[in-house]
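One chain, subunit A, links the two complexes that follow: it is found with subunit B in the first and with subunit C in the second.
And then the complex of A and B:
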């Protein structure tokens, strides 16, 4: 097929790539206005305690210390994204191990640390609750007595203690559905907390420069983070400027206000620019990890494979606060029913406070948890009726025009096609050696929405400037911009320059996240390019006295369609000494009428003597729209799958009595390249998509079904089922031993 | 990172006097892959680094068919496992050094550092134990030799007295009809701390095991040499039964702890599996079919 595009659809090198590999690229830690000093926060050594007294005398007296602040110095400031429930510094109570209690600004990091060691705090320990199920018990300690007063909080009526959000959906008649079933299968799955493990830790630099609060921070949603900071500091949002900086990896975790308000108060108290950079111990202890979730699933099925009912209880352990979650809660109960046709469903999603580290966003928030539960459960249901897991899925996956378990009707549904593509590429039915197994995972999600702006300026030297408020977090948005402009203005990509504006640029920009980047910003850039062309044609008409409707844009030139005359637009601009610009703005948060399926197949071998799982190969199939930049698209697939492999086999923020114990990247394990098996990608072309190029998102879809595919493969290999991630050698070995006994 | 002083002596005597005068806050610096991390994380109070890498004897690698192999204490792993003599005559040492950390770590990490850091999970120590390694120590009172199996006294503790450091590690020449092997278990495929590790060495006379050395790591406060396992093997032909007896002796001797890297029961079990596997590989390397 001949593409209608010249640039779109061809792999393009990164705009910021050379700067990154040569060390020229600037991240938050690289900015250092004169007089910059270091800030550091003191973390609670208790999961739940009353603060009786804080003595900062010795810390303040240490030479090199410029400011020491506590909860009394932050004007009662509370922060958070949708729900403002986090005290900037704990005032009289700490609710998790790692909560920030006091902070110091000093000449260097070492002095700051020593000053923190000198702060004396008296605590009175309180009964704590760590387990999300226990937190719902009537006898559980209540974390937030005044929760209803929090800005952004809408407490559900009659909810159990600590449950601050309860969402219920009922479809059909659940009781009748179960009554109709031949077999009922009920399982509980447990998903641990995991960390995003971006290379660049959370970093911020704040400088009170006269009237303006100058901020450098690795936030991929700078406008939202600015609001959170302004609210916490009780200052007008317009007084705060977030300055452009590259972001060293995000994976969902880089839009949290975390240390920003503290850094602001330290800058105010010390009168100096203050930098705060978490070390990785702090990251693992008190950043904003993916949530622990307990999923209870119950399904009714007939011997012929018809699913008659499914009940989902999706219990999200929020941790001690809700504020790190952009929407206040984590969904997932809808996805935990799966992309299957089931007439009768009951979904319940609960977010509950416990005395543990608050969770935030990580790549496809809620989905890997949901997909793990429902895709393992799907295999267990298939097994209960003696059906092959692939056949069972082909029988029950939704089709065009059918309602999902959640009651949505989608268009252009490629569930079965995507699954079959994966099965064929993986040789699903080919013979297997002993202790080798294959497992399936499938899931779907549409790209998210939001708002974004882009400006395009044509300049007299023939170059084009693309202006944006996006802070690149590594997924290639600037490169996408350059491709769109190059395509639409028919010029060499080298002639497109990207300019990044601070937050004075527009009123609001959603930034990156929710797989919205390509959807929002291709549209904004496309519209800006068209607007600039229109402006140019207007200018040409005025200058050359050509009729506007007879002028066409043609690469380097504007051309008269009737006479064939043409003029280079650079010359036109040079003559008038002018530039020509156009703006594109999009605000579109609607859930599209299509989704995007990911079907994956893992092949593993299991060592029965140790329980060790070796991943032999991994196949991932995606239903895709137009792919703008194939190399970046594949990068998202590879990276998502690798992160999913970590989730499946090794990653876990271990918590004992509320305290994270895996406090270094030696103990918190992420896969290395040697843990990655040969991978096969299959792309299934879809007719649908959004925006000028009909795209679908790819940032989040690849991660979700990885873990269930692997767990299902382990069950296929040796007949034992691990229902709590990660699937470690020890769990597999114990399960084998129990199965033998 | 703490502020600290750095010196790089070129003779053993200089190093000894720097260490002796420096007291408890002076540390030897070899590859630095343990000690720089510890200094940065303030796990150790350090105000002087004595870099021993300019002392020639700490960088040697010499073999003599009569006396054996001497490995400088600061020689990085990659030189050890790429050495032809090590590969052909001491493959267990290659097994244990080629997996320490990743490529970058292997460019710096040393046997002396691995031994003197004295982690219970140190990977090279069981291999050095079954190869009958001896640490050659220099100190204020001159030189002495300490068998590697008697070197560690607890987690992060060893027999070195103030002012002493390890100059090299010596291994006897391999006997005829002998073989040794090393293995570990880790949750991922590289860059990991052993949940358990083990090494075995066997020498045969005819069909009989004439001598056996078995060691396990990460399952006790120090790496352990297992006399009971050796006893179960020595003086008999190597059979599935004697191997199983040695493996059982290994789980019995293990006194592991529960931590985030592994549980007591898993570590005990792994000790036996790894002992069995290294025995089979050691026998294979000694030219035996089982």
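And then the complex of A and C:
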């Protein structure tokens, strides 16, 4: 197929790539207005305690200390992204190990740390609850007595203690569905907390510069984070400016307001610009990890493979607060029945407070948890009726026009095609050596929505300026902008300059996240380019006295369609010294009527003597729209799969008595390149998509089905199932031992 | 990190004087890969750090009649890549290639690593099975201690106050010596071992002439598994004998529960990997 595009669809190098690899790129830690000092927070050593007294006298007396603040100095400030339930600094009570209690601003980080060590606090320990199931018991300690008063909180009526969100969906007749079944399969799956492990830790610099609060921070949603900061600090949002900076990795975690309000109050108390950078111990202890989830699944199935009923209980351990989640809760429960046709379904999704580190967002929040549960369960159901897992899926996956488990009807459904593409590429039915297994995982998600703006300016020197409010976290949006402008204005990409504006640029911009980047910003940039062309034609008409409807834009020129006369637009602009601009703005949060399927197949070998799982190969198939930048698209796939492999086999924030114990990257391990097996990617071209180029998202889809594919492969290889991640050698070894006994 | 004084003596004599002067408040630093991390995490504080980087004669590798002499300040990477080591004791170079990453190996020193006495480190597996000794020097003279006897407890050695580890001596490796190092890394390739086993052996006519076995990450110190050796030396090798000998390590291991596995799992794995290492060095074609 010959592409109608010149630039779109061809791999393009990163706009900011050379600056990054040569060290010129600027991150939050690189900004240092004169007089900048260091801030550091004191973290609670208890999971649940009353604060009886705080004595900061010795800390304040330490030379080099400029400010020491406690909960009394933050004016009762509360923060959060949707639900404002996090005190800037704990006032009289701490609810998790690592919660921020006091903070110091000092000449350097070491002095700040020494000052923190001098703060004396008296605590009275309170009964704590860590397990999400136990937190729902009537006898459980209640974390938030006044939860209903929190801004943004909508407490469900009659909910159990600590449950601050309960979603219930009933479709069909669940009891009748189970009665109809030949076999009922019931399993519980447990998903641990994991950290995003971005290279750049959470960083912020705040400078009170006259009337303005100048902020540098690694937030990919600066407008949302600005709102959270302004609310916590009780200052007008317009007084706060977030300045552009690159972001050193995100994976969902880089829009948390975490230390921003503290940094603001330190800057106010010290009268100096204050920088706070978490160290990795603080990151692992008290940032905003992926949530622990317990998923209970019960399915009724007939011997012929018909699913008659499925009941889902999706229990999200929110940790001590809800504030790090953009919507207060995470999704996933709606995905936990899978993309299967089932007439009768029941869902109960609960978000519950416990005395543990609050969860935030990580790549496809909620979905890897849901996909792990439902895809492992699917294999277990298939096994219960003696059916091959691939055949069972092909029998039960939704097709065009059919309702998904929770009643959504999608268009252009490529579930089976994507799965078959993966199966063929992986050689799913080819012979296997002993102790080798293959496993399937499948899932789907559409690109998210939001709002965004772009401006395009054509300049007399023939260059084009693209203005944006996006703070890039590494996913390639600036490069996408350049490709769109280059395509639509028919000019060399080198002539497109990207300018990033601070948050005074527009009223609101959603920023990156939810696989919305390409959807929102290709549309904004495309519309801006068209608007700029219209402006240019208007200018040409005025200057040249050509009829407007006889002027066409043609690359470097404007051309008169009736006479064939043409003028270089750069000359036209140079003549008057003008520029012409166009703006594109999109606000589109609707969930599209299409989705994007990811089907993955892992091949593993298991050492029966040790339980060690070796990943031999991994195949990932994606139903895709138009791909704007193939090399970036593949990068998202590779990175998502790698992160999924970590989730499957090694990553876990271990928590003992509420305290995270994996406090270094020596203990909390992520995959290295030596752990990655040969990978095969298959792209299944879809006819649907969104925006001017009919795209689908890719940022989040690749991570979800990885873990169940691997766990299913382990079960296929050696006949035992591990239902809680990560699938460690020891768990497989234990399961083998139990199977033998 | 707490403030400290940093000293850079230029002779052993000056080093000893500084040690005498500052006693318990002083700690020697070589590559710093372990010490600096511990200081940053406030796991360890020192008033005085005595850097050995300017003390002459502590670095480099010499091949002599009594074996390889490896200076304490020799970097891991230098040892690993050394043609002298690769020809005289290739097993040693192989084991060093398993330590951490190239970046760490470029900085960490042979003597620093041994003195640090982390039971998870790989090199003792080679030094113990190659019967290496360390030279400990003090004002009052010097002594040689087998690496098998160097470690006394978790992060502790028999090095006395005022003593300095200056070199490691690896005796000549007999021709035909078979070696194996099995590092069990079930989480990621970039990790400390869940358990690791080193073994060297000489065989003649199916009979074990000599056997040395060492276990890493299986106890508070690197272990010399003489219980295994005693069962097999002088005997003909059979699969049953190997299995039985490997099971003997259960009595000597004392692994810690950590993120690389529970104590009981590591105990089971110590047996499995000892058996596999024995199969490698004692059985043809294994």
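We take it that the second predicted complex is superposed on the first by the 741 of 741 C-alpha atoms of A that agree within 3 Å, B and C clash if a C-alpha of one lies under 4 Å from a C-alpha of the other, contacts with A are read in each partner's own complex, and residues count from 1 in each chain.
Quick note on the criterion: contacts are C-beta pairs under 8 Å (C-beta built on N, C-alpha and C of every residue); 3 or more make two chains touch, one makes a residue touch a chain.
This is a predicted model, so every value here is computed, not measured.
**Q** If we overlay the two complexes on their shared chain A, which of subunit B and subunit C does A:671 touch? Say first, second, both or neither.
**A** Touch partners of A:671: subunit B and subunit C.
**Q** Please indicate which partner A:654 is in contact with in the superposed arrangement: first for subunit B, second for subunit C, both, or neither.
**A** It touches subunit B and subunit C both.
**Q** Counting only touches as set out at the top, which of subunit B and subunit C does A:110 meet: first, second, both, neither?
**A** both
**Q** Return first, second, both or neither, reflecting whether A:612 touches subunit B, subunit C, both chains, or no partner chain.
**A** Both: A:612 reaches subunit B and subunit C.
**Q** Do any residues of subunit A touch both subunit B and subunit C, and if so, which are they?
**A** Subunit A residues touching both partners: 110, 281, 609-610, 612, 649-650, 654, 662, 666-667, 669, 671-672, 674-675, 728-730, 733.
**Q** Hey, which residues of subunit C end up touching subunit A in the complex?
**A** 1-3, 41, 184, 186-192, 194, 258-259, 261-262, 265, 268-269, 272
**Q** Which residues of subunit A touch subunit B in the complex?
**A** Listed in rising order, the residues are 110, 113, 281, 609-610, 612, 649-650, 654, 661-662, 666-667, 669, 671-672, 674-675, 728-730, 733.
**Q** Which positions of subunit A touch subunit C when the two form their complex?
**A** The contact residues of subunit A facing subunit C are 110, 114, 281, 609-613, 649-650, 654, 662, 664, 666-672, 674-675, 728-730, 733-734.
**Q** In the complex formed with subunit A, which residues of subunit B make contact?
**A** Those residues of subunit B that touch subunit A are 1-3, 41-42, 102, 185, 187-193, 260-263, 266, 269-270, 273.
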